[in-house]
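To keep things simple, chains are lettered A, B and C as they appear, and every chain counts its residues starting from 1.
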Amino acid sequence: MDYLISVATIAGIYIIMAMSFYLPFMTGQISLGQAGFMAIGAYGSAVCSVKFGIPYVPAILIGGSVAGIVGFFVGIPALRIKGIYLLLLTLGFGEIIRVVFINVEYIGAAAGFPGIPYQDHSLLYSYIMVFILIIFFSRLRKSRMGRAFHAVGSDEDAAEVIGVNITSVKLIAFSTGGFIAGIGGGIFAHYQEYIEPLMFDVMHSVEFIVFTIFGGIQIFWGPMFGAFVLTMIPEFLRVIQEWRMELFGALLIIMMILRPQGVIGLDTIQGLKKVSSRILGRGLS
Amino acid sequence: MIFQQLINGLMLGANYSLVAIGYTLIFGVLGLLHFAHGEVLMAGAFMGFYIILWTDLPLYITLPLTMIATGALGIIIDLLAIRPLRKDFHLAPLLSTIGVTIILQNLAVKLFGGYGTRFPDAIKDYHFKIGSLFISSINILTLGISIFLMIALYFFISKTKIGKAMRAVSESHLTAGLLGVNVDWIVLLTFGIASALAGASGVMIGLAFHAISPFIGLTFALKGLVVMLLGGLGNVLGAMIGGLILGMAEVLAIVVLPTEINLQDIFSFGIMILILIFRPTGLFGTRITQG
Amino acid sequence: MILNIRNVAKQFNGFHALSNIGVDVAEGKIHAIIGPNGAGKTTLFNLISGVYDLTEGEIRFKDVVINQLKPHLRAKLGIGRTFQIVRLFGLMSVLENVMIGTHCKTRAGLLKTFLRFSRKELTEEKATRENATRWLEFVGLAHKADQTASNLPHAEQRLVEIARALALDPELILLDEPAAGMNLNETLKLDALISKINQMGKAILLIEHNMELVMEISHVITVLNFGMKIAEGVSSEIQNNPKVIEAYLGRKK
């Protein structure tokens, strides 16, 4: 049971992280630095709790806000570059953050930051955040800013010419993504009780991308699904436990060959609607 | 002291160059970031390790053998993970090479253990003394081999027919195809060459640092990316020079900056970010435009 | 004059795509820009809407110099446009595409979207939706509002693009070859639609290869060739202008 709870908590945190990647991704910005923002949130909230005795929720919000502010400043150079250049920029940022943390004695340097107050209800808090994100993203889809995000993501120049301020849209998306990642980091820190820079290396940022793209990028249920399933499934496939990572890699390649848009696409959602309306015998929309 | 460090820097930098050349070649012909390139280097290091351990062959045979093996690995990666992808989804190659990375890294941990392995001394390391300097023969040798490989590659690309075809493909697949170049074949060859160079670098890193682990791929991959950017995406000559510059700059940074702080990595990633902000075409310009 | 283009030039790496162009567009008029392929027509549109920076000259809209402004600010001032190759946001619905047209005239930010503090945001969303529906009705596509934009036939996608540009209620609208790829029937409808837009008092700058359409509906025609203006006038003047005839006969067919 404890094991189940721990896996579910981590899955919740990873959903938050996948969504933190997905938000800027909607506007066409691919970040390989989300683990860096997660680290800022984790260390920021840990400092609040340990050094200043600030309670859990405000500590995590402060950590998230710091990550959001850093996201804003990283977002500025990110405005001018695209594709592989942006990947490299965010990768460099994430690594720099990590190396900085390795060198700061105040937060334990390479030895890590121990003694973070343990949050009993991490599971609850992580899924409260997931719930908030579900509401946020489903409202976003039907809102002015959400439409602008999609427009900028699908054709930046056309969006700009018809009146979308792409500078502000991209900056907002990028820094909000940083904020969400920071919240994820804060919850993570208070669940682990101990954090160290190695926990936030670039391979973790890669993981968040994998969750997102595996799950599907056309609609926000995709990354949620991807993060949840890819965290939960390997844990339960005990039989294949030993080879699970290799299988995971192979699955990723096969996915990209057969269904590069991810498991959940717009077609899935439409299909589900059709099926459910048939079962219920009336039109759901 | 400084001179000694410079030799070390050149040696390190030459290896960065070899990795970056691979990245830049593949970026040139396919426009993609080959995420698993560092793992090919790691695979090369272990292949070299076992060839030396089991057969006791001399370095001048071990090295080419490893290059052939990693070259084949690169070709397999192209055939299995890149070629079957549809062209319309631009993130697919990145993700599928991430898949390759995960497979190779985990296989390596299973086969070789998660900790460092001592690399056998394939050649005797002499430290000869010039004045007050100690210079390691291995450093000189790896530097020499790297530079030889780079010069050979440069001539291959600029002078041979296949090299010209490679350049044509990196300008435009369509035009190259119309000119009668077999684009698929060139891409395959590029993966082979890039991976062979990474394999050579893996062996030399093993020799120079006397230890390897399943995780060395990532370290050198990141440095290779910085260098690729420094030299300009798709620019082979730029990658060669960029690697040497970064290697020396890193070593000098250790000499000049306070030692208690590990600033080496901040330094190279800082350079990368500055370049991205102020000069995304790299120091020497790209041949492939941004996209 | 609603739009003044003065001595405008544009070079691409030394290639003169446009040189010394002067064009004035009067309020509420249909002004056609014609010329052979590669004459620089689309480039001129790109300079007006801000896709490219101009190399020389000045562009004023409603007496404001706009050639330093970012594209979205030009849209906000009242310049709408469509593209030669349709550029809808493919995965969004037709209605959502048109709703984006009002982006710069509305305010709801991210936080307010989420929290929905007040009725105001909801009212704004509703108004945006109603406005978009109205323009879809105007182009005759209200019944397709919920379809995914990229699933529409080509001619209808062009109409959605026009509706999207109109949603912003611009005073000047730039149409880049709106009839391209349309059959005769569709072209006739488009013809009527353009006149209707014009009757609402909007000035229209129109690039079009269909000469019949151009001659019939435009008040003024400017002819470009090799990046230079070679003629300007009403349709009868243009039809008989020897330079124009040469430009067309000398290059095409």
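Here, a contact is a pair of C-beta atoms (placed from the backbone, for glycine too) under 8 Å apart; a residue touches a chain by one contact, two chains touch by 3 or more.
Predicted model, so just to flag it, every value in this text is computed and none were measured.
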Touch-based graph of the chains, sorted into line, ring, star, complete or other: line
Chain occupying the middle, per Cα centroid: A
Most remote chain, CA-based centroid, reference being chain C: B
Approximate Å spacing (C-alpha centroids) for the pair chain A, chain B: 31
Between chain B and chain C, centroid-to-centroid distance (C-alpha), Å: 50
Euclidean distance of C-alpha centroids - chain A vs chain C, Å: 39
Shared-contact residues (touching 2 or more other chains) in chain A: none
For the chain B and chain A complex, residues of the former touching the latter: 27, 33, 35, 80-81, 84-86, 89-96, 98-103, 106-107, 218, 222, 225-226, 229, 233, 261-263, 265-266, 269-270, 272-273, 276-277, 280, 290-291
Complex contact set, residues of chain A against chain C: 135-136, 139-140, 142-148, 150-151, 154-155, 157-167, 172, 176, 218, 266
Chain B partner contacts - residues on chain A that touch it in the complex: 30, 77, 80-85, 87-89, 91-93, 95-96, 99-100, 102-103, 202-203, 206, 209-210, 213-214, 245-246, 248-253, 255-257, 260-261
Complex contacts: residues of chain C adjacent to chain A: 49-51, 70-72, 75-76, 80-81, 83, 87, 89-92, 96, 99-110, 113-114, 116, 124-125, 128, 148, 164-165, 168
